[in-house]
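Chain IDs A, B and C follow the sequence of writing; residue 1 opens each chain.
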Amino acid sequence: MSETISLKVETQSDGRSIRPSSVARARQDQTAKRTFFIVTLLPVILIVMITIALFLRALPILNAHPFTQLLFGDVWKPSAGLFGFKPFILGTVWVTAVGVLLAVPPSLLVAIYLAEYAHTMTRSVAKPILDLLAAIPPVVYGVWGLLAIVPFVQGVLAPLSDRWLDSIPLFAINQPTGFGILAAGIVLAVMIAPLIISVVYEVFSTVPNELRNASLAVGATRWQTIRRIVLPQILPGIIAAIVLAASRAFGETIAVLIVVGNVANIPTSIFDSAYPLPALIANNYGDMMSIPLYDAALLGAALILLVVILIFNVISTLVLQRLKRRSWA
Amino acid sequence: MDPHVQVKNLNVYYGKQQALKDVNIEIPKKQITVIMGPSGCGKTTLLKTFNRFLELTDGAQLTGEVLVDGENIYDRDVDVTEVRKVVGLLAQRPSPLPMSIYDNVVYGMHIHKMKRDRREYKAAVKHYLEIAGLWEEVQKRMHDPATSLSIGQQQRLCLARGLAVEPEIILGDEPTSALDPISSQNIEARLIELKQQYTTVIVTHTLRQAKRLADYVIYMYMGEVVEAGPASEVFNNPQHKRTRAYLEGLF
Amino acid sequence: MGMKKKRWERRHLVELFMKAIMLVSLFLVAGALGLILWTIISRGLPALNLDMVTQTPKGGFYMGREGGVLNAIIGSIYLAIGGTMLAIAFSLPITLYLKAYLGDSKWGDYIRLSLDVLWGIPSIVYGAFGFTLMIAVGLRASLLAGIIVLALVELPIMARAMDEVIRRMPVDLEHAALALGSTKFEVAVRVVVRQMLPGIVTSVLLAFGRGIGDAASVLFTAGYTDRIVTSLMRPTASLPLAVFFQLGSPYPEVQQRGYASALILTIIVLAVSLSSRWISARLNKYTVK
């Protein structure tokens, strides 16, 4: 469609009996087109630029230490020239995993409810609630985590776990503060829930109603229809939504930083403290010019975040785009 | 007349707009009833009340009764999935499920756990594909995706899928409107064959199809039933001037 | 005849169970919002007073003496307005180009993909990138640097939100304008923008809200100061960082003010979110449906 119309513009400017004003207008159209085109390439340029800039700034540390030693080194002691990212990478992974595991089940259920069961009324009430949840700034989530979740973990969850799950290392209480992976995971779960819900809801709405009706017409229940017909069609989209949310959790900084404890150890229990990469960068940006290679190390941490998130995002977005463009029989 | 479905004082509203006004009709057993009328007259809405599909539309409200064998399907303790098992639907456009031909036919039977083992299911699939007149064409490709069939074949597959849950009533919402003339003829032939065993209710907007199929006719206009009766009477001697106008092609 | 409900059939029990846990989840999510608001209000309100919003930090403020966070409020408003304006300047052309020339084509999808990817980049990475840029051009932490980085954070949010609304514009309207002899550019500017004004306003306010609440990006780039910023080249305080720094204080009075600052930030963000709903509802009256 767009091509036929641009042709029309060209014939107008080539035509003979055209008033001068239309020639000028066609030219204005061309100029606008060119400028807009350059601006439109900006997002692509930006992604490339960010990657290159961080890579160049991180280069000194990549030259000074072997890559594997950086990734798998246990010791972080910038003043001694030791830069092992392992505790921070694992900290990020733990916090993300707990956040995603907590967020996914209820978020999926809410999305399914809104997409398949709820009346328009319920939806119009639920939407502003989700919008508000998504609008609350990370630092406010952090304050909430500090005031409500950390005491809750310390006063309720930790004693419960101590009583019932003590023998399982994953739930062992190794420090008493309440600050740690679980607190960060709970805060993250609430933060990413609106994203999962809205993406999954959209994914559900790509399935045409005729399919649902065909199943309902032979006497299937709603849930049978969802499980046997709808879910198999959109499973890739749901996984993509979860990956998208995971990448959001992976890079979350301030909210996590406030409640996670910021101790650079290798976690073994969800009640342990951790020190995720974003927190590392945010906490130390002030000193990074004072120690050799420190700035390269911190920007290298940002590069690791960026690369992981780019991969997650590109894959999940491609899956979602394909699902939305899919033509249904 | 031996009514299979009785509609009593039925009113339907979409929001504030009234779509059906005080409908009272009876639908005879094991005959083809055709509901006709100009578009927007409420014929599809009426059809949707028979298998409780109306409640899938947000904001649709219903008062009155629809009795199937004397039992009101809108009673509180009636199970909507049982209603839809008894009252099958052939949709306007064929809607094969995104699975194989075999799985499409077997889908409803699995849902209701109607057979004991694989062998029984297989036999049943063959049986219903034969009834739908599709067996010859698909017996060698049962595990191909249903979407690989032509659109006419798809509609016959949907017929087989609907029949497989052993309904007593078949609803058809302009079931041939998306099909080519030959496929349409094929479906019509099936429906005529099937009226020995099933009560059939068809919505159509083409008068010729109505004349070919109907044993019993309901003519609707602006949400009201204007005239209902045996086909021969309504077509040859319409009582109402609106019906006459419609039959003479004034719409 | 047997249409009575078989309540104890397995599939009906499953249906009931699924519906129940869905409703529980819905209340869990709604409850989380309630809990957050309740925590912030109940802990922030006691320390909230007129001084908080009308005074800058005085001597000894960080040990619990008098003063307020006006510097951070003003700083955040400057940062977010500047960042939003800059983001509009780029996202409007991008979305119009997408609509007018690329549509749902493959190239359109590539641009959308890149915007989605940009959206996914965490603000701490934008901050780090801004920091490398500042070193490269010799710019110090300042209002200007903060504005530029916030614009980067807001750009994809705004552009994608605008794209979604502009894409949904009825095609008839566009064709009608083209049929009347308008060029594509005129169509884009006159018809699309006017018709889509409510959606565009909503997108802008969405990005503004995200910008004003973002901490990780301005941490590197805008710096922090107790004075109200007067120049683009000077560092500026911001509300999210004011919350963050006060939380870290050992003095309970200062922490309390941190909670109060969080309440102020929450009120601003919720006000923006709610007013965007209200404005788009008002403007929607004047568009063709």
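Annotations for the structure displayed:
One rule holds for everything that comes next: a residue touches a chain if its C-beta (ideal position, glycine included) is under 8 Å from a C-beta of that chain, and two chains touch if they have at least 3 such contacts.
Every value quoted in this text rests on a predicted model; they were computed, and no experiment measured them.
Taking the mean of each chain's C-alpha atoms, the chain whose centre lies closest to the overall C-alpha mean is A. Most remote chain with respect to subunit C, judged by CA-atom centres, is B. Here the chain pair with the top count of touching C-beta pairs is A-C. With centres taken as mean Cα positions, subunit B sits 47 Å from subunit A. Centres computed as Cα averages put subunit A at a distance of 16 Å from subunit C. Once the centre of each chain is set as its mean CA position, subunit B and subunit C turn out to be 51 Å apart.
With touch defined as above, residues shared between interfaces to two or more other chains in subunit B number as follows: 82-83, 111. Residue positions of subunit C with contacts to 2 or more other chains are 11-12. Across the assembly, subunit A contributes residues 221, 224 that each touch 2 or more other chains. On subunit C, the positions that touch subunit B within their shared complex are 1-6, 11-12.
Interface residues of subunit A, counted against subunit C in their complex, comprise 1-2, 5-6, 8-9, 22, 25-26, 28-29, 32-33, 35-37, 39-40, 42-44, 46-47, 49-50, 53-54, 56-57, 105-107, 109-110, 112-113, 117, 126, 128-133, 135-144, 146-148, 190, 193, 197, 221-224, 244, 247-248, 250-254, 258, 278, 281-282, 285, 298-299, 302, 305-306, 309-310, 312-314, 317-318, 321, 325.
Interface of subunit C with subunit A (complex): residues 11-12, 14-15, 18-19, 21-26, 28-30, 32-33, 35-36, 39-40, 43, 90, 93-94, 96-98, 100-105, 109-118, 120-129, 131-133, 135-136, 152, 155-156, 159, 178, 181, 183-186, 188, 206, 209-210, 212-216, 219-220, 240, 243-244, 247, 258-259, 262, 265-266, 269-270, 272-273, 277. Residues of subunit A touching subunit B in their complex: 119-120, 210-211, 213-221, 224, 228-229, 232-233, 329. By the touch criterion stated above, subunit B contacts subunit C in their complex at residues 68-71, 73, 77-79, 82-83, 86, 111.
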